[in-house]
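Please go over the structures that come below.
Each of the two complexes below includes chain A, the first together with chain B, the second together with chain C.
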Partner chain A sequence: MKSINDRSQDIGPFVSQTDDAIIICRCEEITKGEIRQAIHDGMFTVNEIRRYLRAGMGLCQGQTCGKLVKNLIARELNVIPDQLDPATSRSPMRPVEMKVLGNEEVSHV
Partner chain B sequence: MKRYDLIVVGAGPSGLSAAIEAARCGMSVAVFDENAKPGGQLFKQIHKFFGSKEHQAKIRGFKIGETLLAEADEAGVEVFLNATVAGIYLDKEVLVQIGAAMEHFKADTIIIATGAAENMITFDGWTLPGVIGAGAAQTMMNLYGIKPGQRVLMLGSGNVGLVVSFQLMQAGCEVVALVDAAPKVGGYGVHAAKIARCGVPFYLSHTITKAEGSDCVSGVEISQVDEDFIPIPGTQKHFDVDTICLAVGLSPMSQLLKMAGCNMVDDPRRGGQVPQVDENGETSIPGLFAAGDVSGIEEASSAMIKGRMSGLAAAAYLGFLNEQDKDNRLADLEVALDSLHQGMFAPGSKGKTFAKTDEGIAVSQSLLKKGYLDDADIERFIHRPDQTIKNSGIHPVIECTQNIPCNPCQDACTRGCIKVGKTITALPRIDAANSCTGCGMCIASCSGQAIFLVDEDYAPGYASITLPYEFLPRPQKGELGTALSRSGQPLGHAEIIDVRNAKAFDQTTLVTIKVPVEQAMTARFYQPKTNAAGQSGKKEIRQ
Partner chain C sequence: MSKYNDVIIIGGGIIGNATAYYLAKKGLSVTVLEASKDIGIGGSSRNGGGVRQSGRDTRELPLAMWGIKNLWPGLSEELGVDVEYTQKGNLRLGKTAAHQKILQGLTDKAVSCGLDVRMINGDEIRAINPYLSDEVTCASWCPTDGHANPLTATLGYYKKARELGVRFITESPCFELRKIKGVIRQVVTPDAIYEADKVLVAAGFDSRKILATVGIDVPMMPLKMECLVTEAEPPMFLQMLGTADADFYGHQSKHGSFVFGGSSGFEHLNKDNGSPISSSIGASCTCRGIIKYFPALADAKIVRAWAGWLDDCADHVPVISPVEEVPGLYIACAFSGHGFGIAPAVGYNVAEMIADGHSTIDLSALRYDRFKPKQ
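After this line comes the complex of A and B, so read on.
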């Protein structure tokens, strides 16, 4: 089995597709073409795509596009999606306003 | 920081069930849910549930939710609403947004029951306003009383797509088509038949290729797909719609479990990223459990049982329940769960095709492709060797032809006309040795709206057919309308000769129509002159 983290592997050149303009991440408005290009730039994991493009970092925190991004990476790398790790889950798992996040109840009983 | 014996995240059927069991064992329990109303998905389920009595079959989902809430209240469970769990940390501490503040809570055990989120698929125009999830449509209609649109196309023929299509029509929308890329209907045949007889056409092996419109959806283009699900050029069909509903599966919302550090697996059969759990839902972290859809997409009936199991296991983990009692009670729940996990739609049967039913009858291909039984199917199922059926006098006709875990029809008939037997997935059988009084309880109890009462001797040359009707306005006695076939085709005039509403029918109206006797086995729905069901019959299709 091919290692996904083998960055020296040749995944071939980026070939544009007719539906590259379709938006995949609605919150951050990232297109399929941008994500596919990022994979060819060497972003082989969902976390890397997140940091590189902000896909999955918007309001819904990847609830909608998480699976879609994973499937795109899997297709470009020619692996099955299950082999890819999903994005790291971190608190807060839902968007929280800064003023609320700062308003922490700190009573220690 | 407030402490509890158990913290449950999510007040859906699984979370509430877990909380009830644990609290009854004497634990102090807090449940957090981000919504203003508890109940999770249950509060949108206005249809009658499948299963058997112990699974609360024939009861409408939201009523089951109300019962759970009352039980939780009685058991002393503290339910926090508008309370979003934002994070989970070491030593079972959670961070919760309640109103405008972040609060910390700690417990000795935690049950994550956060449910699932809807999947999306992409196509040209999928981000246009008017493309919505089927669950979202259900939330709009059943929680907020808002009609999602006028003309809707539904993508996805699983139970969610089928149930929501029916509910859209109940809300007064027109469903112009039901589309699925798979070659056969994914959900229960009885759910499909309910919408097919309203005239909704099914397009299997088709997918959406384009949502049209500049500011919002004004139309949709679908295309046939090949075996690899690739659209075939030249097969496009167009529909004028203002809403496109997607019912393409759910994904577990398992982020909190991942955050907590549980061992996770990617299991497509369970819906995606799910925790590794034992038979009671305990994760790789002792004292941390997962129950319901978050641990594998199933349905509310099994979510409730799994919730109860986790609640009991958590109680035993902290010593609130002794091992012996725990084992006995879990064994009972196992049996209940097992009976749901049987038949053609069992989790273990996913992806399998069945040529025959357990009774050895060839399954209906028409049901799988078009959503309704054809004449040959009716002949094969109605006149099968294990049942006797009359063709004179009032008698039930049951059009339930798949092995699904369901048996309220058997309990409904006190005369013994309907038999399912011990195995709840067996097809219901009619025993003509017992005479039917025409009470109608079987019709109203059937979650699949698959039972009809037929009387070939109603009047010379005329038969009467009694059918379940769940649309408003309710037809009136004496009204003249159109009899529709199983595929929703008009058969001719039908006169309403009786309309029955009883408390025991739980909002299902029993409508009796008079039709020519030749239509006794073909007329299966009634369309009023001014169309209440929202289907205007003829669909506009521009090629």
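After this line comes the complex of A and C, so read on.
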């Protein structure tokens, strides 16, 4: 079993850092400190951080902060970032109005 | 590390996590085995967030009513995570006479169980939700229904259970259940064999192949569902919405985004074979449906779409049951797409069933051996 799969492993206490107030997810305004605290709450994957805090769930869908969140988890768990999966990518690529997305049918004139 | 526990739970979704939490509160040692890398990756995170009583089968309605009265109101405080529980009613909408008939039938059944739900007309509907189009002519209205955030509720139970000492192990799919001397004893995974006096299988659709290793079957099939999420909009309404046809449902979240589910009619013919991948037609089709109900949302932007699987039972009602044929084995699966709202109540009552041998709510109508062939 990979150590990362044992959610009860001791990753040490949460120690506040001077730059914890830095915003990591700009769309949802989630800070580094909030993300680090969530890791200590047991959120060990990028998907879990996303669902727990909304980091990466805003307008850009994590295209900006995804890698930063992954690196924060890796550092806190003391593993290499490659061991972690990125968050799931979802369509559409860019935000699209409902009236546009709902108008995809080809009209047969 | 010790591989022995009082209870092993297979499945780290909201049912498994909630049961683990309530068992840990009773002082039992619990390990939760999750097959995937993420906690709450299945239907627990892939649903519309409804916490409703109206529209439910009378066999599961007592669980829904009890949970809404006793657990949901204090859940954020209890878990230390905002589960965004909002109790502002459920409108189940109809446009035609056929819809009215479906809604009336559901309403009559719920009223007979003591639920405060009634039919209302178009004007009354638009007094509650002024954004609904004139096409909507009838609805059932249940003021004590509502919605919550499935993501934070699922992970909140996980966080709290973990704090109480529950062990969670991810990427540990169960290959086999094993009996020793006629009673359940071992759970076999790729890395280890775990032992316990009691085992709960709460693995969604995957429960079927796990239970098959001890000769038990729950008649259910996976059924795809797709949802879409808008960018944050100004607060518009707080009700949970559904339709008589069950073709569309959703709510506005605390964050401001709308979460809407719908169907294209091709869900049962999807090509993805088990992967929860959005189709190219699903979101577009749902958008057209939503705009007919909510013309004001035509300019709202969709930021993402997602898909998931229902573990759809033969009679569309869950199996929550001890298995007398395999002493020590318990089942909580086949929630058929409406498990989230009753999940806290299920976790609480299953924990009682496992620890005390009986539960607050009578679950005998949800037994695993209720399925009978045609006579």
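The rule is short, and it goes like this: the second predicted complex is superposed on the first by the 103 of 109 C-alpha atoms of A that agree within 3 Å, B and C clash if a C-alpha of one lies under 4 Å from a C-alpha of the other, contacts with A are read in each partner's own complex, and residues count from 1 in each chain.
Throughout what follows, a residue touches a chain if its C-beta (ideal position, glycine included) is under 8 Å from a C-beta of that chain, and two chains touch if they have at least 3 such contacts.
Fair warning: this is a prediction, and the values are worked out from it, not measured in the lab.
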- Message: For the combined arrangement obtained by superposing on chain A, do chain B and chain C clash, or do they fit?
- Response: fit
- Message: Between chain B and chain C, whom does A:K67 touch in the aligned arrangement: first, second, both, or neither?
- Response: first
- Message: Going by the contact rule set out at the top, does A:D6 touch chain B (first), chain C (second), both, or neither?
- Response: second
- Give one of first, second, both or neither to describe whether A:L59 is in contact with chain B, with chain C, with both, or with none. second
- Message: Looking at A:E104 after the superposition, I want to know if it touches chain B, chain C, both of them or none. Which is it: first, second, both, neither?
- Response: both
- Message: Quick check on the superposed pair: does A:I24 touch chain B, chain C, both, or neither? Answer first, second, both or neither.
- Response: first
- Task: Have a look at where A:K32 lands relative to chain B and chain C in the superposition and call it first, second, both or neither.
- Result: first
- In the overlay, answer first, second, both or neither for which of chain B and chain C A:P92 touches. both
- Task: Minimum C-alpha distance between chain B and chain C after superposition, to be given in whole Å.
- Result: 5
- Query: Just which bits of chain A does chain B share with chain C as contact spots?
  - Reply: 61, 88, 90-92, 96, 99, 101, 103-105
- Query: For chain A, which residues are in contact with chain C within the complex?
  - Reply: 1-2, 4-8, 41-45, 47-48, 51-52, 54, 57-59, 61, 85, 88, 90-92, 95-99, 101-105
- Note on the structure: chain C contacts chain A in the complex at 1, 37-41, 45, 81, 151-152, 154-155, 158-159, 162, 165, 167-172, 191-192, 230-231, 255, 278, 281, 283-285, 287-288, 290-291, 297-306
- Task: Name, in rising order, each residue of chain B that touches chain A in their complex.
- Result: 1-3, 34, 84-89, 95, 97, 100-104, 117, 119-120, 122-124, 126-127, 251, 253, 255-256, 258-259, 266-268, 272-273
- Note on the structure: Listed in rising order, chain A residues that touch chain B in their complex are 19, 22-24, 26, 32, 61, 63-68, 81-82, 86, 88-94, 96, 99-101, 103-105, 107-109
